Amino acid sequence: MGMSLSRLTEKTNIWPWLLLAPLGIYMLIFFVVPLADVAIMSFTEPRVSLANYERVLTGALYQRVFVNTFLTAAFVTLCCLAVGYPLAYLMAHSKPRTAMLILLLVTMSFWTSFLVRTYSWMVLLGNNGPLIAFLQMIGIDQPPQLLFTRFSSTLAMVHILAPYMIMNVYSVMKKIDPVLIRSAESLGARGWSLFRHVYLPLTAPGIANGSVLVFVICLGFYVTPVLLGSPREQMIAGLIGHQIDEFLAFGMGSAMAMVLLVVTLIILTIYHRRFGLDKLWG
Amino acid sequence: MNLFMRWTGILVVIFIAAPLVIVVPMSFSSANSLQFPPPGYWLGYYRAYFTNPDWLIPTWNSILIATATTILTMILVVPATFALVRHKFRGKSFADLMMLMPLAVPHIVMAVGYYSYLGDLGLVHSHLGVILAHTCLSVPIAFLVLSANLKGFDRNLERAAQSLGASPTKTFMHITLPILRPGLIISALFAFVQSFDETVVAIFISGRDAATLPRKMFDSIRQEADPVIAVISTLLFFLVLIGIAAPYFVSALRSRAPKPSRPAGAH
Amino acid sequence: MSYLQLSDITKTYGHFTALDNVSLSVDKGEFVTFLGPSGSGKTTTLMIIAGFEKASAGTVEVGGQSISQLAPHERNIGIVFQNYALFPHKTAVENVYFPLQMRGVSRTQGLRQAEDMLSLVGLKGFGHRHPKELSGGQQQRVALARALVFEPSLLLLDEPLGALDKNLREQMQIEIKRIQRSLGVTTIFVTHDQSEAMSMSDRIVVFEKGRIEQAAAPLDIYHRPQTSFVAAFIGESNLIPATISSAAGKTAENPALGAFDYAGADNALSDGQKVTLLIRPEHIKLSRNPIEGRRNVRMTVETIVNYGDNALVIGRAGEVTMRVRVLGADVVIIKEGEECCISWMPESVFVITK
């Protein structure tokens, strides 16, 4: 067998294609086509035009929902960071046993269904719940409505998404060499300046990772805002669902879905360029 | 700084833990609404859950759909992962990226697509429809787990087996598969949980006939907040606890068991 | 009578030539070492013999029959990998039983045979352990037993000692050699460690840039290297560029050091030919004053590296850097920066033409 023959066999290696084909065909039929369907409907329902996008992008209601969604996602991300960073720090700097218990708790939370956690917040924030009771106990006779407000849905989303932030930040913190911190201390860095100039930059990749993940999930969050949020302050996913469920307005729903998709993909593309998408969920 | 972080961390632990454990006492509550702390305790809602077909059928649907989704996902993902991890070919990095796409698309967007598309195919409100949709959403998760395992697989093991007289098929059956088994199991488990927990797509396409447990819970929370939800939440809570704690326990038991020998030395 | 025959093996990856016309014949029962820096083609050659890589051209024959077209599992070749590649889900004895299992040997008989093999490699009673419960040296022995239990036509060892510490490595060198002799199996051993190659081999094959530089017995490789690369790669060497001034009178000339008498060369030489002269550092004597009957050169000492039992003295003679190996006790006569005399016999000068 000569050189040319072996070259030929190397070039026409069909094995990877054979192995990949079933999944490829499947994803084409049941992922790409339905997604394309959304894109097509956004231009063709109820008739071929750009009317849906015109309404979605210029209508006051829709604009308000988009802005609201964006601000909520940003706020939830910030809260997750505020909540997640200290906890990750606690995990990375406590005894292995304590760290493992906290990790167990965070993992538990991560794996517990969104619905279960959403339901828990209904109990906690409900009119007969412990928080209201506590407020009454300390002398607030007419406690504010907590449930079905922006407050309740934001709080629950922070709780639900915090594990993503914690896991990402913790995995970075755990890898920081303590020698690095000690040598920074020996060079005179203390307290805030040590944190600001050494610790924070070292944990930045974890923060970036966690923030992108939380922000993107939050942008398209359906369950919790619908169940716990104020009906008057919907987020985009809820509005899309509303269009489909209540009005069967596929054109409008699809157009909004496309806007949500494009925004999400832009954020992920920026992330992919800088870090590589496979690291985000790794 | 350090002390501040510590105390904030402890507060966060409470913030994270409280909602997880509160469902347990709630499930034994005798109140018929969301009252905490409960006025009294009984097992009535457990009986209600285990006898009411309105809850049992969605539970069964979810188990069925998640099982079928897992099998279908693994059938598709295992060969594809081998192709993507073990072979170099034109367009590989594109294919890698495509595998992750279902994770990047918000579920509500997919829900709109499936609602219309599966409707055209006559598959909405059917088990098959949900299985087909859930498989797409489980693929990237199963792939991520399995490819991480496969990348860490020492190919010399397969070479060794072949040099020792095992044909490629026998090598796969005797060496590759047994060594990859934990990775395959975890991958399948992730696919199962993904399907079992998936809510948004299920809300839109499962309908009444193929309603999954999350869909039923969603509807119920939205309408009357049936205390049975606390029962299901508690059961799910303990399932997750067992699932997460089991590996710890097993390894703890193993390490306590008398070692037959000194562990590996210099290498 | 050659047993393993490699003929004109070439391996290319795209435009890169990993192996360039490698030919070699190995006798039955011979212990041959492939030695060379990483990327020199030694491992690629091994993988082609094993069947994991396909040669772009050329053939591999064992016992007179071509195995080039056979799949790895049809070749009946035992291999020990650098990381041992023990199956983690099988015990030591199950690992050793595996090749017998693949050959249809019954479990009872196969396990007994595997136990016997483990005894031979000195692991009697360790059979029930899993690989991770064994030390590095023990894992190595299991891998060896597994590669030998099915009486392979060839044993290939791919840097099997690389992961062991120094003492264990020396112990395993002796052990592998003992087992190989007792079974008489034809063995190819790949390493980049020259002392390992020296101590274990019947023959050393030196690889460089996809070619065989030289294949010869260890002492021939050391004393009669055919190329400057081999001379520099094996042991320490002083390589002095020179011109043959008289092939008949066996003298060569270096512009800085003057005339050299030499005793040996393996190739025919002609006057005016450019050559390289090899003098091993241990063949050079260091003294205060010239020694009668030897070629003497004055050298300024630059660096002295002490190893305890011996020392390496590096200095400059003319424009040439010379390395001299002296006994530890002798080094006290000289200090860095001083001038001294170095001298050698014509028998210590070997002429390399390539």
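For clarity, chains are labelled A, B and C in written order, and residue numbers in each chain start from 1.
By definition in this document, a residue touches a chain if its C-beta (ideal position, glycine included) is under 8 Å from a C-beta of that chain, and two chains touch if they have at least 3 such contacts.
Quantities reported herein were computed from a predicted structural model and do not represent experimental measurements.
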Quiz prompt | Chain nearest the overall C-alpha centroid of the shown protein atoms | solution = B
Practice problem: Specify the chain most distant from subunit C by Cα centroid. | Solution: A
Quiz prompt | Intercentroid distance (Cα basis), subunit C paired with subunit B, Å | solution = 54
Quiz prompt | Inter-centroid spacing, subunit C versus subunit A (mean Cα positions, whole Å) | solution = 58
Quiz item: CA centre of subunit A versus CA centre of subunit B: separation in Å?
Solution: 18
Quiz item: Quick one: in the complex, what on subunit C touches subunit B?
Solution: 50-52, 71-73, 75-79, 81, 83, 85-89, 98-99, 102-103, 128-129, 131-137, 139, 146-147, 150, 156, 163-165, 168
Self-check item: Residue ranges of subunit B in contact with subunit A within the complex
Solution: 1-2, 4-6, 8-10, 12-13, 15-20, 22-23, 26, 31, 33-37, 75-77, 79-80, 82-84, 86-87, 89, 92, 95-98, 100-118, 132-133, 135-136, 139-140, 144, 148, 193, 197, 199-200, 203-204, 214, 217-218, 221-222, 225, 229-230, 232-233, 236-237, 240-241, 243-245, 248
Self-check item: Complex contact set, residues of subunit A against subunit B
Solution: 13, 15-20, 22-24, 26-27, 30-31, 33-35, 37-38, 41, 83-84, 86-87, 89-91, 93, 100, 102, 104-109, 111-124, 126, 128-130, 133, 159, 162-163, 191-192, 194-195, 216, 219-220, 222-223, 226-227, 237, 240-241, 244-245, 250, 253-254, 257-258, 260-261, 264-265, 268, 272, 277-278, 281-282
Quiz item: Taking the complex as given, what residues does subunit B use to touch subunit C?
Solution: 154, 156-157, 159-168, 170-171, 174-175, 178-179, 259-267
